[in-house]
Amino acid sequence: MDLEFIMNIFPTLLKTLPLTIYIVVVTAILGFLLAVIVTAIRLKKIPVISQLMDLYTSFMRSTPGLIHIFVVYYGLPVLFRAIGIDINFISRVTFSITALVLYNGAFVSEILRPSYLAVPSQQHEAATSVGMTNWQKHIRVIFPQVLPIALPSLGNALIDLLKDTSLLFLIGLVDIMGQADIIIANTLGVYQLEVYVTIALIYWGCSILLEQVIRFLEKKTGKYLR
Amino acid sequence: GNGEDMADESSSNGDATTVTVAVENASNPLSFTNENGELDGYEVELINLLDEAIDSYEFNIESVDAEAAQVGVDTGKYAFIGGGLFKNSEREEMYLFPEEHTGVSIIRIYTRADDDSIQTLDDLVGKTVHPVTPNGGIFNLLTDYNEAHPDAQIDIQLGESGNFAQRFQALNDGVSDAIVMPSNLGAEEIITELNLNVAPVEEPVQVNPTYLMLAQDQDDLKTELDKAINELRENGELSALSEKWYGEDMFQYEITE
Amino acid sequence: MINLKGIEKTFDGNKVLKGINLEIKSGEVVALIGPSGTGKTTLLRTINFLEKADKGSITIDELTIDNEQVSEKDMILMRRQTAMVFQNYNLFRNKTILENVMEGLIVVQKKSKEEAEKIARQEIERVGLLDKVEQYPIELSGGQQQRIGIARAMALHPKVMLLDEPTSSLDPERSLEVLKVLQKVAKTGMTMVIATHEMDFAKYVSNHVVFMENGHIVEEGSPEKIFTDPSQERTKQFVQELENPFT
Amino acid sequence: MNFDFQVMFETILIVLQAVPRTFLIAFLILLVGILFGGIIAFIKIKQVPILSQIINVFVSYVRGVPLIVHLFVVMSSLPEGASSLLKAVGFEMQPHEFPSILIVLVTYSFLEAAIQSENIRGAFQSIDPQQIEAGLSIGFTRRQNLRRIIIPQAMAVALPMFLNALLKIIKALSLAFTVGAVDIMAQARFAAALSSRYLESYIAAALVYWFICGILLIVFNKIEKRLQLGSTR
Amino acid sequence: MINLKGIEKTFDGNKVLKGINLEIKSGEVVALIGPSGTGKTTLLRTINFLEKADKGSITIDELTIDNEQVSEKDMILMRRQTAMVFQNYNLFRNKTILENVMEGLIVVQKKSKEEAEKIARQEIERVGLLDKVEQYPIELSGGQQQRIGIARAMALHPKVMLLDEPTSSLDPERSLEVLKVLQKVAKTGMTMVIATHEMDFAKYVSNHVVFMENGHIVEEGSPEKIFTDPSQERTKQFVQELENPFT
């Protein structure tokens, strides 16, 4: 293993980190919000929309990320062109985030749904009986109890998201993985081991960070469980 | 280019139509990102030369995955792809190709240097050929061979072939007996770098012309490209490009197809 | 104050409330008695709209709501007039005792945090649990949880209190204390509906007793009447246990 | 754009051939993952000293590092290791003769164990401790309690996440391609290369994936409904 | 039969049981009375090893276990001699009523399904809920759940029954029925420890009353003694409420 080579490519790889982090953070937040909405619609069984959401989540969960990227980046413009709107001015990052949010939201909604259902009905009633609105009930009482159940799995989803940004290299956005591919290609694959060791370290570091965030939230929300 | 994120840039030239074109994003030396983070390579320079030569069009290069490029040109996002692509009947049905080719790809068989049992494609029957990637021309080439020779089948292994270094290392170690691949992707460099007991078979399997591949509705652009490519060919700029990226003028080889 | 008309409720084909008509005047303390599984809890829950009755209308104060066409907004309006003490306490398990009592004050009544805490501490003191304010519900004994349930409802100062067996887990001393608290609150004009199976408690706390059985109201009247001179045979039979419960 | 349905249908038929194989492997990986994930979750919940620290590092490494790196590591160490091990006991096997399916199974199972350990841990947080006590009080051993009371209740939460995982594995197997196992997506790519019909092939692949998901959903929903019987909502 | 020696239990610095010594003879029915939060539930739980006491030893039948060094296996052995009825019922929420009662018979006592169902149905009939066997706990009223809790414990025919306020949610009629059931079972020689705050119930069901307060046993003796002529001032004060609870 060539340590010097590792030292050389380390900064190059690190340079891609801001883009990766930016996409992860924005996607995680938007994806979570989307998931909440989708979960709410499906649990409320709003006719038609609820069935559409079923289709959406099943499609997004079952098909490869490559297809989502292609659908959003190449498919959406065709769709919009058909109704006379050109959306090709939208940036690649935005397209990418859109694709990832759609994907992430579907998965997270299937984490939130069972976690939500695990909160006993008596807790809903307790909140309702003191006169809380539906919204207040969920924010103050139910959601805090959903989180300790969902957080470990949300941690999985977050780390998956970190790794899924590599899909964006398909349409030329260079994240850590993309940069790694570039280095491997430029060195004709001779230094694959070194590149992998380096990105393993970077990814590991990032996911430890994400884990700490999750652990912190878990500690905060799970106090009552003892 | 690679640094920006706008799919379409407003044109710098008043009447010119701006179109987005795609190249592969990690395909050294055709198109790749160099140490400075800029898009570079044979196809990239070629497209830039064409851009200069054609007044009525502006090219905006996007570097994406090979498959993404295909899908992009299918859906009309890209006007054409520059990826050292071969022409075949299936493709001709779906896309437009310029009259003139803009590159040459020599397909060779690589074997261990001391193994002279393999000289032509026919000799590959019964040998272990290194797995081929699904999206490459080699897969098509070998499939065509098998179709043409129903009673002498080459065993085409499907699977990710690994990067080039791994492929040659595997050949060197005896995992496989032969690699079929274009010679212009840095094979020589790897063999020397890794000090491998591997050499190409003297006679090329094929010398293929490679083309830019246009979306079907780009007739006007095709006309312009035909003109410009001809110019570059005449004034020797294509040969110069080839010298720069491949160390030799590939256009001197006689096309076998 | 409260007026129930023709309340019906069916659970998977099992009719639990079979047309309940009941009028409760402002400031009345109603004791709801009757055998286990009779529909006492269900009736309290329909008044609080935790369960939507299939038929019938409910009036609280000025507002009348027909169960067959009730909006989410109406239900919340109605609920804010009432507070409920649950048979199995239903404390917010992710909140401390203090937070449990403060929650409604802050979120629903928009009180400041300081004021809410002041009220909450008063109510918690009243049920003798000031030393437990930082604890979580799971760390409390049954009777302690029940008392916090009462404190949580009390703190809201609702027009109507619905109490579902509020002394079931309390020893006689504590029951007596709760009785006194309820009597004091009743004097302020709060209306109360108390489902209970402790006849002594019912007798002393209420001024209006409703005897339910099997989804029907069998008989209602003043405690004196129901406990000493009921007109229905069934009532007589049920309340006579009171005299000599275990003989 | 000219879309060729003929090609799409033909591709669907080709791609379908890869379904049983892909599905079987994925299911196997999930099972192994749940099994080991369960054990890991148990160690974490019990906070067994030392062991749980080791487990933490293991989970964060395996979860954090991209699959392709894992594949690379396993691919370049497992065959060698197995070969020298076999040699020690008198068997002769070239490293490259090592079955690639084993590489896939080993790598993915490790990853899955790490992932499932967290899902399972979360599901267990949803269990009401009083339910556990109820079981103990009637004389259940811990294991009986686990099997009869706790797991069925935790399953209601974990099951949808297991389906999430299964779907992810089915897709992630396209990376296993690196070691030479052909999955649905790879099959579609070969078809695309031959026909030069990329859109048609991808859509075909998507439909096949979606179809598998549809079938799985029917099965999983049925089980989930059963598990939720009598639950508090 | 049961012998508790120096049982101590502390929750986060709060000493809840402060050295409990108690001897219970085979076939005795012990009523555990005392104010809310005194440690009655905790004591029952330590006997059932749901809570491991910090100090002291517990003997049931022949087997003595020191809480400071108790193995998982011992705990299970001890638990299998006892059955518990919980203050808040704790039915298995994912199992039907019938399954709730059958569960221990099949899994622990390895009875055949047929036999288990027969026993279960008998016990459920005894508490008057045969029409609910296919229901899930959440669909039952409080009192109904409590009775199933009793049936579940009864079905196991344990040597020792631990009952935590088994009639808290039952009306007088039902309480009387439960009393009769317990008395009948007591005649078969089963030992029972019943935490209760219903003094009447305690008086009639038990032949040994233990008055606890604040983690201590204040006084114990026959019901006659405790309820009519207690030797401790505090006991007198506590039980005198019984005579005239709400006056």
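By letter and in written order, the chains are A, B, C, D and E; residue numbering begins at 1 in each of them.
Here is the rule we use: a contact is a pair of C-beta atoms (placed from the backbone, for glycine too) under 8 Å apart; a residue touches a chain by one contact, two chains touch by 3 or more.
Bear in mind that the values here come from a model prediction, so they are computed numbers and not experimental data.
Asks: Counting one step for each move to a touching chain, how far apart are chain A and chain E?
Replies: 2
Asks: Which chain lies the greatest distance away from chain A when centres are computed from Cα atoms alone?
Replies: Checked the centroid distances; the maximum from chain A is E.
Asks: Please identify the chain with the largest separation between its CA centroid and the CA centroid of chain C.
Replies: Farthest from chain C by mean C-alpha position: B.
Asks: Give, as an integer number of Å, the spacing between the C-alpha centres of chain C and chain A.
Replies: 46
Asks: Averaging only over C-alpha atoms, locate the centres of chain B and chain E and give their separation in whole Å.
Replies: 82
Asks: Nearest whole angstrom, what separates the Cα centre of chain C from the Cα centre of chain D?
Replies: 51
Asks: So which bits of chain B are touching at least two other chains?
Replies: 67, 71, 74-76, 162 - these are the residues of chain B that touch more than one other chain.
Asks: Going by the contact rule already set, what residues in chain A reach two or more other chains?
Replies: 66, 70, 78, 121-122, 192
Asks: Among the residues of chain D, which ones contact at least 2 other chains?
Replies: Those would be 1, 128, 156, 202, 231-232.
Asks: Once the touch criterion is applied, which pairs of chains come out as touching?
Replies: All touching pairs, sorted by chain label, are A-B, A-C, A-D, B-D, C-E, D-E.
Asks: Using the touch definition up top, name the residues of chain D that touch chain A in the complex.
Replies: On the chain D side, the touching residues are 1, 60-61, 63-69, 72-73, 76, 115, 118-119, 121-123, 125-126, 128, 156-161, 163-164, 167-168, 170-171, 174, 185, 202, 205-206, 209-210, 212-214, 217, 224, 228, 231-233.
Asks: Please give the residue numbers of chain E that touch chain C in the complex, ascending.
Replies: So the residues of chain E touching chain C come out as 11, 33-38, 41-42, 87-88, 139-144, 147, 164-165, 168-176, 179, 197, 199-201, 203-205, 238, 241-242, 245-247.
Asks: Going by the contact rule at the top, pick out the chain A residues touching chain D in the complex.
Replies: Listed in rising order, the residues of chain A that touch chain D are 58-59, 61-67, 70, 78, 107, 110-111, 113-115, 117-122, 124, 148-153, 155-156, 159-160, 162-163, 166, 177, 192-193, 196, 199-200, 203-204, 206-208, 211, 222, 225.
Asks: For the complex, which residues does chain A have touching chain B?
Replies: Against chain B, chain A makes touches at 66, 69-70, 73-75, 77-78, 81, 88-93, 169-172, 174, 178, 181-182, 184-186, 188-190, 192.
Asks: Along chain B, where are the residues that touch chain A in the complex?
Replies: 2, 5-8, 20, 25-28, 32-35, 62-65, 67-68, 71-72, 74-77, 162-166, 186, 189-190, 193-194
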